[in-house]
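Reading through the structure tokens given below for one structure.
Naming follows writing order (A, B, C and D), and every chain is counted from residue 1.
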Amino acid sequence: MSEQAMKSYDDLAPSATDKFRQRVLPFIVMIVLLAAIPLFDPSRTMNSLIAAMGINIVFALSYNMLLGRAGLLSFGHAVYFGLGGYAVLHAMNAIGAGSSGFWAGFPVFMLPVIGFGAGALAGVVIGWPSCKRSGVPFAMISLGVAELVASAGYMFGSIFGGEMGVTSDRMVGPRLFGLSMGPVEDIYWFIAFWTFLGTLGIYAFTRTPLGKMSEATRDNPERVQFVGYNPDRVRYLVFIFAGAFAGLAGGMSAVNYEIFTPESLSLAPSGLVLLMAYIGGIRYFTGPIMGAVLLTYMQSMLSDYSEAWLLYLGLLFIAIVMYAPGGVAGIVYGLLGILRRGGTDGVLARRAKQAAGVALAFTGLVILVEIAVRWSNGYGEVFEPFGLHLGIDTPLSWFLIAGFFAAGFGVLRMAREIEEGHG
Amino acid sequence: MTTPALSIRGLKKNFGPAEIICGVDLDLAPGERHAIIGPNGAGKSTLFNLISGLYQPTAGSVKLGDEEIVGLPPHVINRMGLSRSFQVSNIFANMSVRENVRCGVLYSLGHGYSFWRNVGNLHEVQRKTGEILESVGLLDKAQMPAALLSYADQRTLEIAITIAGGADVVLLDEPTAGMSHSETDRAVALIEKATAGKTLIIVEHDMGVVFNIADRISVLVYGQIIATGTPEEIRGDPRVREAYLGDGDEQQALAAAGDAQ
Amino acid sequence: METIVFSLLNGVIYGLLLFMLSSGLTLIFSMMGVLNFAHASFYMLGAYFAYSIMGVTNFWIALILAPVLVGLVGAAVEKWGLRNVHAHGHVAELLFTFGLAYLIDEMVKIVWGRSSVDYRVPEVLDFPLFELFGAEYPAYRVFILMVSVGMLVALWFILNRTRAGLIIRAALTHPHMVGHLGHNVPRIFMLVFGAGCALAGLAGVIGGNYLVTDPAMAVQMGPIVFVVVVVGGLGSLTGAFLAAMLLGLMQTFAVGVDASFADLFGWLGLTATSELGGITIASLAPMIPFLMLVLILMIRPRGLMGDREL
Amino acid sequence: MKLVKSAALAAAMAFAAGGASAETVKIAFIDPLSGPFGPSGTAGLHQWEHAVSEVNADGGMNGATLEMVPFDNKVSPKESLVQLQKAIDRGIRFIAQGNGSSVASAIIGAVNKHNKRNPGDEVLFMNYAAVDPAFTNDRCSFWHFRFDSHVDMKMAAATDWISEREDIKNVYVIGQDYSFGKAVAKAAVTQLAEKRPDIEIVGNELHPLGRVKDFTPYIQKIISSDADAVITGNWGADMVLLVKAAMDSGLEAPILTYYGGSLGAATAMGKAAVGQVLQVSEFVENYPTTDAQIARIEDYEKTYPEYDYYYHRAYNAVNFLDMAAEKAGSNDPVDIAFAMEGMTYDGPYGKVTMRAKDHQVLQDLFVSTFSADVERDVEDTGLGWTASDADRIAAGATAQPTTCQMDRPER
């Protein structure tokens, strides 16, 4: 008996190497990556894009604390992002105005802390009624709350600045780390610092007893009651933290763009963060990061090349919901798993076939959509990829579309037959 | 006379016009192993749900030691030292076996809703989790996702989670349902070991199990306890035999169990 | 007096339109558990289909054909899309329809352009029917009233007097029982989804020219439909009807009220010049539905007439 | 799949970036090009492109070719700043924007900050449609030039028109509940009180922005208030729905609008609105003008058959830019800004002046009427806008005092 009491069961936990590989290494890689980016002297466009990605990474991760980890589908997460951002802007203005007092000594670099607090406070207030329910009712409450807060945003001009929003100047207050916070290069370090801290913080949260119980509550709220936890309470606390980290992201955004408008509280940005998290993969910690990077890139770059980018986004989302609920991360890790196992059983070949089929069909779809968009705009612009002239009345267009679709679905069918043959 | 570990008085539950539990009285001495048997639909699971706080009784009182627990939410009752298992496996399917047990351990070791500690660094939690896994024989499957466990192992895990919090009063709802003979034997041994020194109420259809484990048995029929006594008394009670007349299987089982003794 | 009469008339018409739009979702939601985010998109499709059909033929053919087409699209979506997601649970279904709403919006923009289309009231109905307190009352509104009531009666008849209605009514309150009755559940789901979408399409046909037919109409109506369904209660068409009427009347009446917060709460020291005091009841009108949504979910989760909680 | 995608992107990129040359001065056009306001942004873009092509045909700006580079801001102030940053990163130093005062406000702030933080790399903002008076008053900036008459100026035209009509005794003001709508209402009330103290404001209503689906209740309120005229600053769907409901309910009072002529409105209003909807603008398609201007309109509508000539101020803006560059002998934004101050230009609809004090353009305005008897219609409806000399309000009468304290850079 005494022997058993002495036993530590340390071997139950993952080995030190595993721990390092799974928990520490990714963050070291992240630090190295963040430190290395400036060495490549990114253009200002790139810098702006990276800043947007950093903000969205923290925002999407905070959203996944709800959807992925606690099983709460929210249509109003931008509320906390926005309130955090507004709080930071007001604080920034106070720093700019105040020659003495608390704000005078507050460095702009540290402002996301204020966003964190404001997001948490909003979570405390709004979460209290919302978290009494879960599932679809919770989703509906979040939708109603988002509409209400957004409307209030337009009503209370002194806080939200009406549709013009609240603006500020970040080059105020004491400097930290010698950063003037003016040029984009300074802002890079600010974004990098807080993206890292936000990611680390959210990851650390998943490792706490509360974080673990939030997953337990997602899986089985009934059982959670019989290990001594109140599921409503677990959800409420997680909700507050999700709001807080969203507020942190909002604070980063406030410093980066120096503006917030009531529209940033509304359903549209809440929907976008949902898309980011889900497309990235809500079952993986890294999923929302991938989703945020991908969607931010699409939003700021793809929208320059194609007017129909929202259509592609919708298609991508539906494809993920229907065929790859694990999201991009699920696909990536699936492939890595196959590669690690050596891919000897022909899985790799099958996946390659599927990818080829999807790519072919998608190419056909892109041609169809792009031709349709130009035709619909009606001022005679013609889709001309690779020097081809693809008009709506060009037979080649339709030949290509039909060809790509036929080839794509043909390959997909082949892949499926192989799979069924295996199964 | 010592205070009963669990004391039920005049417990009633109506669902609409239907009276499912109609006045149950029951006292359990500390350390007692009590089995509740009865035909299907007698209200055994409802009784468990009432005691554990999942349902609110229409009338009556349930005392855990000296404390009245009617009206308290389940998690509070659990913290006061009453734990239960479920008839269908009710585990955290997306977690590993170890994490499942750890969820059961956390609160009792005072970690509640804490968000400032890393679970990996809570040595007391690791130790307790390991102990429980070892005592139920799941140590070698600790890293497996719970959903991939065999049925019998899931039932074992269910019991492990139930006892993990160290509750003094344990309610087990058909722990061996659906198990093979050998699995059942192992489960019985496990239950005996895991609940040593605790007060146990068990709902069970397998009369072998019941007569093996129980110090006393209550027979619940149509929401009422028609008899309570030692296994011998129950076996000989004519009312019990009568009540089971409609349920041939159970009667045979009862007889068989009697012969086995 | 005139404000009350007009608010009543307009509120009833708006409420009926809302009900027509929401009744389909109540059917879908209650039987299938799918809170269809794209429901208002089908409403939009109804309006656009009617516009296109009217361009080739006339309004009356559009009135019949457009809802049927929308219903077919809905059934197709259920068969080849939603059904595959069903196994992943209600949240996945909700997300699927969320993406579908994006998709339909974008496709409508490509096919019909990004600004409003000239979908107008047919000329036979484009005249003032009567004059009341100096304002003319357009005949088309009365037509909306008649179509809505017609639909209401038809729906009532189908639900209460036919065998299909019997099954639907049973399924509304006990969705898991449908399978036990020996019916082909996927087929029933497809039909219900199609029928629900067709009802939304019908609302689009008669609402599109009453309001405006543009790609934003789905986004504008979408959340309101949820409010009606949730407030009305799961499984209850009567509840949805009450909720729709309540919303329609409350919104139109709020607009007619001139009071501001300062007038209402002046006794608390609130002045009209302060920001809070300056808010008028009329400006709150569009917020009322969402206030109702949140309150109902918190206080009475089963809605006005629902027989079970959400 | 990734390979195909990036190849497609590369192709698209080449397609988008084609035609750049060293002799090019680029103007970033930051406006909605997709979404609900996409059509109106696209219409503006085409007008600018057309105006720029005229200058290019005429030898360019000091010999350099002008080029419009579109950026889609989805009418979001935040997204506009992202796009502005993108434009600046690409070395573009002239910005054109118009849709939404909130967007213009954000751009002014961002341009001010950028120019302060990056001396030698200044950018210039040409605002062609954002009409919040503050931009040329309290918030005036040396880097901002406005080529549209602001809210108070347009209201001055509208109230002049009203004050000349003795039979108008009761006026109803209705607008969107946000800063622009409030500014319109305030301007209407104060200016009417000055010009016609006998007029009673029988209603001053603000409705939520873009959320009202049925305006009938509001119209009924207007009818029962016995209003003789209605003033509204509504735009977009709010404008269309308001007019539509008014027509349906038989409102007889004229409706003075700011944006009755915007894209899609004519189609939605239809015949019922003829003679009853009026618009305050610097351009009226059927107002008699020079042959050159008629040729320009016809050329535009031939080049972009889907669009009607509407943003005449785009030509004013581009002409000012060209003239200022020539005067300064430089294509540098700072030199051009100084040269543009106080500059005048004789346009087809009268003299246009860029007031040095606040960078606000002064131009004649028209109160035009929606009519069925027009030479040039809009949106192929057979309906269009007409005005006579009586509806013309001289630039001087629309000019408003300014509180601007211009902060000019040192030369």
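Criterion: a contact is a pair of C-beta atoms (placed from the backbone, for glycine too) under 8 Å apart; a residue touches a chain by one contact, two chains touch by 3 or more.
Because the structure is a prediction, the values reported are computed rather than measured.
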Item to check | Farthest-lying chain, centroid of Cα atoms versus that of chain B | outcome: D
Next on the checklist: I'd like the Å distance between the centres of chain A and chain D, where a centre is the mean of that chain's Cα atoms.
Outcome noted: 37
Checklist entry - What whole-number Å value describes the gap between the mean CA coordinates of chain B and chain C? => result 49
Next on the checklist: Need the CA-centroid distance for the pair chain B / chain D, whole Å please.
Outcome noted: 75
Item to check | For chain B, residues that touch 2 or more chains besides their own | outcome: none
Item to check | Multi-chain contact sites of chain A, meaning residues that touch two or more partners | outcome: 151, 155, 157, 310, 378
Checklist outcome for this item: Multi-chain contacts in chain D, i.e. residues touching at least two other chains, fall at 34, 177, 208
Item to check | Pairs of chains found to touch, sorted by chain label | outcome: A-B, A-C, A-D, C-D
Checklist outcome for this item: chain A contacts chain D in the complex at 43-45, 48, 52, 151, 154-155, 157, 162-165, 167, 169, 171, 182-183, 253, 257-261, 263-264, 300-307, 310, 355-356, 358-359, 362-363, 366, 377-379, 384-386
Item to check | Sites on chain A touched by chain C in the complex | outcome: 71, 73, 129, 132-133, 135-137, 139-141, 143-145, 147-148, 151, 155-158, 267, 271, 274, 278, 308, 310-311, 313-315, 317-318, 321-322, 325, 369, 372-373, 376, 378
Item to check | chain D to chain A touching residues, read off their complex | outcome: 1, 4-5, 8-9, 11-13, 15-16, 33-34, 42, 46, 71-72, 76-78, 81-82, 85-86, 88-90, 100-102, 105-106, 109-110, 113, 117, 132, 177-180, 208-209, 304-307
Checklist entry - Contact residues on chain B for chain A in the complex? => result 52-54, 73-75, 78-79, 83-84, 86, 90-95, 98-99, 102-104, 106-108, 111-120, 122-123, 126-127, 129-131, 133-134, 139, 142, 161-162, 164-165
Checklist entry - Mind pulling up the chain A residues that touch chain B in the complex? => result 4, 7-10, 12-13, 19, 204-205, 207-213, 215-216, 218-220, 222-230, 233-234, 237, 241
